[in-house]
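Dropping the structures in below, format is structure tokens.
Two complexes follow with subunit A in common, the first pairing it with subunit B and the second with subunit C.
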Partner chain A sequence: MTDSKKITSIIKEIGNVIQKEKDFLTELDSFIGDADHGINMARGFKEVEKKLPGLEDKDVGTILKTVGMTLVSTVGGASGPLYGTAFMKAGMAIGAKNDIDGDDFITALNAAVEGIKMRGKSHEGEKTMLDALIPALNTIKKVYEENKDFKAALEQGIKAAEEGVEYTKTIIATKGRASYLGERSIGHQDPGATSSYLMLKAICSII
Partner chain B sequence: MKKLINSVDNVEQEMILGMVKAYPGYVKKLDCGNVVVRAKKKEDKVALISGGGSGHEPAHGGYVGEGMLDCAVAGTVFTSPTPDQIYEGIKAIATDKGVLMVVKNYTGDVMNFEMAAEMAQADGIPVEYVVTNDDVAVKDSLYTTGRRGVAGTVFVHKIAGAKAESGADLKEVHRVAQKVVDNVRTMGMALTPCTVPAAGKPGFTLKDDEMEIGIGIHGEPGIHREKVKPADEIAEMLLDKILADIDYSGKEVAVMINGSGGTPLMELYIINNKVNDYLKEKGIKIYKTYVGNYMTSIEMAGFSITLLRLDKEIKELLDAKANTPAFKE
Partner chain C sequence: MVGIVIVSHSNKLAQGVMELAKMMAADAPVAAAGGLEDGSFGTSYEKIDTAIDSVYSDDGVVILMDMGSAVMTAEMVIENMPNKKIQMIDCPLVEGAVVAAIASSSNQSMGEVINEAKNAAKESKL
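Right after this comes the complex of A and B.
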């Protein structure tokens, strides 16, 4: 389905989307957080982009682990450890493969989600990135099992992630800085769920 | 945005370099990033490391020195430092007695420091940590991340620092640090917002006649907004909230009136005048008072009140010698 060169172009596209949506993500964060989500993510993916040319001939696991380490060491805040852990765990789950298929992608996304749960001590329904990622993962798994069409599964997954982002508007944050707002966090979509959704969409646009 | 900066990307590094150049006898910067350590490493003591986002100067680099921290790690403005930076700091200061991390309770800070601790522990360095959470403005419940760590953190640096300097082991230094965390409470307010350089505009807005009660040190929203009142009424309002949180009656306290960066000392003294009288009225004895900019929020106008409940042990450690760029005893 996808080889190392394509993986680096997917990562590059994720970076492009993050740069493009930087101000939007920061604005979302200004309502319920500390107004830096877009800034921090953009800084991290700028560093990731610098490393991509040197990664094209590496295996997929190495690429994802490098992306994760770079995010951990450049993003800061909560997003750095969370997305960093997600990419590192995804890389570890895939290992030294040069080509990955739909099953591998699901394995990687599953490992990423488990990594975020572990690092953030969180679960679904707390107004976090998990509210986009878990519905996406579940949908991708289900649709892919049914018809083995990965692109279709990913498209359905993105819809689920988008609904997840919408869902975050309706719930109270119980994790992160937004949790201090209590009921005042209702009505605002979660910036982390939004960036997760945007990343999945970027992946789909290349696959 | 009007600021004395050169480029938003260099704010943190140039600030650290300038600080180190001002206090070369106290601190030096590691090459790996914005990590400040004592100019001369002291062996045979538990090493203390703290840090957080920049924008809180003199925290945290200003508290590196004898009787307080061994290392401070500065992230970008209002953003936690990253695990690799913290890890480098831990490695630079680690002694056989181990390392205590003092972390303010923010999701990002806790995760980044935990990751760094895991990396250091894998190298065989004993690392323990405390999480400060003195801000009574936010609820401490299962449904939040817990209270925020704010100005009370400086008392943890001072007292755990004194304990570490005395040669106590990691378990003892950790116990004392946790005791301070358990006995310190803070509440703040803001008159004007602050602007993160990279954001270029204020994180929130307040009308000319409005104030935010319960503000966090990153300009996070507080409890409520209302019209500005006379200083005495504001001081009472903040104190009432602190006094309702834990029992101070009949106790001795250390008081910190902390400026948020944009508030003149004149106003902080006016606040302290009321705080002092009000505590006396309540039968609370003031052992020591600190007034100044200890944990700022860039150029925010506002202040916080911190009360630390004292016992004999904490008093002795509070009185112990400290000699750092921003805190001397």
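Right after this comes the complex of A and C.
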């Protein structure tokens, strides 16, 4: 379904979307965080982009692990270790494959979500990226099992992620900088959930 | 002596905490890893990595962090140094650093430094 070259173009597209939405993500973070989410993510993916040309002939696991390590070293905010761990765990779950199918993708996304939970000591309902990613993962799994059409499953998953982002507006943050705001965090969508949703959408636009 | 690394989002804060700790224990090996390479706010994997190396000895290194990405990034640096004796301490940054530096300069073990710093949280100010 997706070979190494395509994986690198997906990563490139994620970077493009992050650069495009940089100000939006930073603005969201200015309401309930420290106003750096877009800036940090854009800095990280700019460094990732520099590495992509050298990765096209590597296996998918290596590509994802390199992306993860680059984000950890260059993002500078909480999204660095969180997305960094996610990509590294996804890479480890896939391993030395040069071509991945829908099942592999689901395995990778599952490992990514578990990695974020572990690193952030977090779970669903705390107004974090997990509120977009977990519903997306569950929906993708379910739809893919039913009809084995990965693109359709991903499209449904993105809808679930979008609903997850909306849901974050209604809840109090209990993790991260926003948790210091308590009830004042209600009414604002979570920047991390938003970037997770945007990343899934970017993946879908290339697959 | 046990090495002490101060990790903060702010370069000034990390430097300041280090200076305060050293006022009480000038010879304690303390290193600051604050902010990003360009001086802006954030946590730098590279800076933490370098700071650990600069104060590392067989006595070990303890890390004190402010919050959020400082904690998570320090955790990842430690995971990538599996054979080294390094531990993060859950304690107030300023009080913990002062107490840890004194304990370290008195040649206390890593376990003792950690306990002293943790107990700093229990000291009431008022």
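Structural remarks
What we mean here is this: the second predicted complex is superposed on the first by the 207 of 207 C-alpha atoms of A that agree within 3 Å, B and C clash if a C-alpha of one lies under 4 Å from a C-alpha of the other, contacts with A are read in each partner's own complex, and residues count from 1 in each chain.
Convention: contacts are C-beta pairs under 8 Å (C-beta built on N, C-alpha and C of every residue); 3 or more make two chains touch, one makes a residue touch a chain.
Given the structure is predicted, the values throughout are model-derived calculations rather than measurements.
After superposition onto subunit A, the partners subunit B and subunit C occupy overlapping space and clash. Once chain A of one complex is fitted onto chain A of the other, the partner contacts of A:R184 are limited to subunit B, with no touch recorded for subunit C. By the document's definition of touching, both partners, subunit B and subunit C, reach A:G176. After overlaying the two complexes on the shared chain, residue contacts for A:R119 are found with subunit B and with subunit C alike.
Contacts of A:S73 after superposition: both subunit B and subunit C are touched. By the touch criterion defined above, A:D36 lies against subunit B and subunit C together after alignment on the C-alpha atoms of chain A.
Shared interface residues of subunit A, touching subunit B in one complex and subunit C in the other, are 34, 36, 40, 72-73, 75-82, 119-120, 176-177.
Contacts from subunit C toward subunit A in the complex involve residues 9, 36, 40-46, 67-69, 72-73, 75-76.
Put simply, subunit A touches subunit C in their complex at residues 34, 36, 40, 72-73, 75-82, 84-85, 119-120, 176-177. Touching subunit A in their complex are the following residues of subunit B: 53, 75-76, 78-85, 106-108, 111-112, 115, 138-139, 142-145, 148, 196, 198-199, 203-204, 216, 218-221. On the subunit A side of its complex with subunit B, the touching residues are 26, 30, 33-36, 39-40, 43, 72-82, 119-120, 172, 174-177, 179-182, 184.
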